[in-house]
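One structure, as structure tokens, below. Some questions next.
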Amino acid sequence: MMDPLTIPGDVKFSSSVRVSGSALACRRGGRQVFENLNFAVQAGDFVRLSGKNGSGKSTFLRCLAGFLPFQNGEFSYCHGDDVHRALNPDDFLLSGHQNGLKPNFTLRENAKFFAKLMTGTAPRADTLGHAASVFGLGALLNEPVQYFSSGQRHRAALMRFALVSRQVWLMDEPTVGLDAENRAVLAQLIVAHKARGGIIIAATHDPMDVPGDTLDMDAFQTRNSVVDEDWL
Amino acid sequence: MHRFANPAQFNRLADVILPWAIGAMVLLFGAGLYYAFWASPPDYQQGESVRVMYIHVPAAWLAMFTYMVTAAASFTALVWRHPLALLAGKAAAPAGAVFTALALLTGMLWGKPMWGTFWVWDGRLTSVLVLFFLYLGYMALWQAIDDEEKAGRAASILALVGVVNIPIIKFSVDWWSTLHQPASVIRLDGPTIDGSMLTPLLLMAGAYQAYFVVVFLWRMKLEINRRKLSVARQAMMHAPVGAE
Amino acid sequence: MNQSNTPSHASIFTAIVRRDVSLAWSQGGGSLLALGFFLIAVSLFPFGVGPAPQVLARIAPGVIWVVALLAAVISLDRLYQADFEDGSLDDLMVSPLGTLGIVTAKVLAHWLSTTLPLALLAPALAVLVNLPDGAYGTLFISLIIGTPALSLIGSVGAALTVAVRRGGVLMLLLILPLYVPTLIFGVGAVDAVISLTDPMPHLALLGATTLVATVVGLLASAAALKLAME
Amino acid sequence: MNQSNTPSHASIFTAIVRRDVSLAWSQGGGSLLALGFFLIAVSLFPFGVGPAPQVLARIAPGVIWVVALLAAVISLDRLYQADFEDGSLDDLMVSPLGTLGIVTAKVLAHWLSTTLPLALLAPALAVLVNLPDGAYGTLFISLIIGTPALSLIGSVGAALTVAVRRGGVLMLLLILPLYVPTLIFGVGAVDAVISLTDPMPHLALLGATTLVATVVGLLASAAALKLAME
Amino acid sequence: MMDPLTIPGDVKFSSSVRVSGSALACRRGGRQVFENLNFAVQAGDFVRLSGKNGSGKSTFLRCLAGFLPFQNGEFSYCHGDDVHRALNPDDFLLSGHQNGLKPNFTLRENAKFFAKLMTGTAPRADTLGHAASVFGLGALLNEPVQYFSSGQRHRAALMRFALVSRQVWLMDEPTVGLDAENRAVLAQLIVAHKARGGIIIAATHDPMDVPGDTLDMDAFQTRNSVVDEDWL
């Protein structure tokens, strides 16, 4: 297996990047999922989102990706002196519960499309080969994804992080279904990204062998009930 | 703007207006129906069947008016995220559907003696039918999505798409020469209709309008109270953390 | 930003159109389904109505247009739903192209892969229902002008119902009434030719419908799609 | 065995029928979709063909039957597919009832929830297309006799294509040709009444088609489903 | 949280039950997934299926459930002196990668249907309430499943094991997406089932806090390439 550290087109990310939020809250289906969430990460940070089932890890990641609005609080994405109110689509990658793969397409076709979608250019054959080899998928590149086992499919989804170079990684349960060997690879990949100045926010129930902080979503559950006072 | 964002404030305002609106509605319907069925002459051409007009025409006007109300509420809800605007659209739409159905039914009943058929596929009739389906779609979207906020915004998008239909209804009779007659009251160069028919028509239009205000405010209050109740119930259900 | 060159929007756009066209035509895609439906449904009519040529000829433009509409609706069910279910809609929505671009690409792909082929197939099927000889050209032209509207209007319905699980009915209810103008002008043009009058006014109105559908359809679809992701 | 009493197959059967009927009618279920399609597609015909009463009357039985067929096909897409995708087909297949029982329950539920309501709705829609007065009864009876065949034959196609992702086209191509006898005898009965001849021979053949479909359809569906689970 | 040990309608399972196989093999999509697999379990056993992604854990479980045929070898399910060639549908429960829940239905409706499907009778209200409480789903019983978080959904799928009493449990990745607390509950549930004389075969990459054997699927991979001699 190749060294995940040597990702082609490797860059050192800007060290002045900072993502932070204060007093953030989010509602979903009329319910307060979390509130009063404060956090700050900067270039080179790894944050593990922990918390009970239903505590809002996935929800928080979807808020960060811009799918859901924060109902409250202040979110900022600072790039040196530039301050934005949302992450820039050019700067992050997201992997969610579903893997976003087309079952009819081969792994190669899926990967090619993903790279084109995110960067506008097709990946070089060696870049693609290397990205596949990170999670040991080299031999499966020309197989349709529908014949993959669950773990292989999940690895195919994780391949994006080795394929497209972006500073911020939002990962929802990246360890699910991975065997021991591939969990180690994932940890290595994250460590390498940290070293490049990347930022990783990963929601997971499994321990991860990466130095970093933990953000416990259980701490931001609504203490007193949601009362939208306007309505009473 | 945000003075009305407060549902409590709105409730109080509605409580003030409602009795007056109900009074106006009763008076106008009384006078309008009296004029329409007893105190106006039969048409020299259409005979007694002209009286359908006093039901049909205001219903058609209000069908379009209500749609514009719904669309304006939708626009406000989408652009300014005004919480009451969503409910305003929801409160108005069923009334609009009723007006549209009434216009269609009376039109069909009137069409039999006038044109010799209940239905022709001309621009006016077709576009009103489409309006009816738009109301149904709007209400169905509200029903189909459980998250109220989301449901309301989805329905609002549809309502705005459907605005295209309104000018088609209005001007279809001018664009295509069809069986349906062109506007004679609401036109740039003033009404071309006889005064003896204009009076009951305007009275009935006023009555429909008052009826709309009553139903609209009533349903708004209902929706606000329902929302209050569900907020309160949620507050109770999720009171202590991890109560499961 | 970190990337030395910002991604080319044009090439992302092309990539999406290509992917969607190839998905639509791949095994289990919507295009073959729609074309198959079109073919089989039209050929069932002579069985149902009986093969009397003059009856068939009388209803031919209507049958072709109505069935084309229905075929388009069937394929629309999956326009965004499939991507939503397997998670790739998430990826599309965070791409640098932006929501409006994504929607435009997907609608274009739908037209190219599904509704345009319906228009191309129609003259062949018209033989089955005995369309009068002079009307083939106009049928074809009316479909070419009208089919983009089918994809565009359909896109709104599809986007509005993504969040609703299996929102098929609802989509039907939302879309088909909005298809009525397209249907009327389309059939009107063909009937005009058959009754030897001028089809141009009908075709012009059909074109106008498509233009309005372009503006309204794309904007509304983009808004609806953003909403569905919440 | 460990269980003191072996489970009652009848009550498992009822449980499945009930569940499927309630799923079919719940939000996003197939029944409303099929009925909505039936309603809207039939009412589009006057737009397409023009409202001339005698033309409509001539094609009325055919339009109703063809559109009913198409509506049935649309709903069949999900007969097994939905359960397959969310994993509940696994649970069904390991239940003590056995595959043939499962298939019978699901087909019965499909008929009760979807194709039978099409038959019930048909007379109302026949008004829209101006069916001649005397033919309503026969239309209704022909549909009552014929609709079980639609569910049964459809089930075979649906089962064969579960394993194929989104096998919609395939299903269409498999099913619709098999529907042709049902269509011909069904329309034949109604046309016979309209032309004042005896509809009984047509209805008898229609009944025979349904009987054959029962035996062949259930066995073939069960076999196909087992295959799909591999 | 109630004690998962006290499942209502609790029975002691027959201790003479034995499931075993020798020289088993399975092909899928034209490829030999595993071969030469020998195993034997009896009442009170827990077996953890381990192995790399794609080594055939899920495939093996589906073979046991009767969905896929073994292409080779001898499988037997012995009940005292009765010997069967397949597991009896009345005797086992399976939970797979998908959870088999209807998103429109509430958790209660889903659970009721499952119990009726497997036993022909609706569960008593207290049985159902208890089964839900095992994985802390009591408060969610009347919510439609579509609004559950991924972990909640997975717990809802696991609820079947507390709801219907069957001797053999086939579990595919039962720990996926569970938080720490619920992993402990799952382990307890399995331990209690063992004590009742149950048999558990569970494919998982996570360590499980249950005493038992491990069956490593990596040991049964095809060494030389697949040559179907019939065709030569």
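For reference, chains read A, B, C, D and E in written order, and residue numbers begin at 1 within each chain.
Definition applied: contacts are C-beta pairs under 8 Å (C-beta built on N, C-alpha and C of every residue); 3 or more make two chains touch, one makes a residue touch a chain.
Worth saying up front: this structure is predicted, and the values here are computed from it rather than measured.
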Quiz prompt | For chain B, the least number of touch steps when starting out from chain A | solution = 1
Quiz item: What chain lies farthest away from chain E once each centre is taken as the mean of the Cα atoms?
Solution: B
Quiz item: For this structure, which two chains have more C-beta pairs in contact than any other pair?
Solution: C-D
Exercise. Return the distance between the CA-based centres of chain D and chain E, expressed in whole Å.
Key: 36
Quiz item: Taking each chain's centre as the mean position of its Cα atoms, how many Å separate chain B from chain C?
Solution: 32
Quiz prompt | Mean-CA-position distance for chain E and chain C (Å) | solution = 46
Quiz prompt | chain B and chain D: spacing of chain centres that average the CA atoms, whole Å | solution = 39
Exercise. Give the residues of chain C that touch two or more other chains, as numbers and ranges in rising order.
Key: 27-29, 164-165, 167, 173, 176, 180, 184, 230
Practice problem: Can you tell me which residues of chain B touch two or more of the remaining chains? | Solution: 121, 126, 144, 146
Practice problem: Spell out, as numbers or ranges, the residues of chain E touching 2 or more other chains. | Solution: 97, 103-104, 147
Quiz prompt | Residues of chain D that touch chain C when the two form their complex | solution = 27-30, 32-33, 36-37, 40-41, 44-45, 47-50, 55, 58-59, 61-63, 65-66, 69-70, 74, 78, 82, 164-169, 172-173, 176, 180, 183-184, 187, 191
Practice problem: Please give the residue numbers of chain A that touch chain B in the complex, ascending. | Solution: 28-31, 52, 221-228, 230-232
Quiz item: Where on chain E does chain D make contact in their complex?
Solution: 11, 13-14, 28, 65-69, 79, 88-92, 94, 96-105, 113-114, 116-121, 165-167
Self-check item: Touching residues on chain B, where the partner in the complex is chain C
Solution: 78, 121, 126, 129-130, 133-134, 136-137, 140-141, 144-145, 150, 153-154, 157-158, 160-162, 164, 168
Practice problem: Mind listing the chain E positions that touch chain A in their complex? | Solution: 29, 51-54, 58, 97, 147-152, 155, 173, 176-183, 205-206
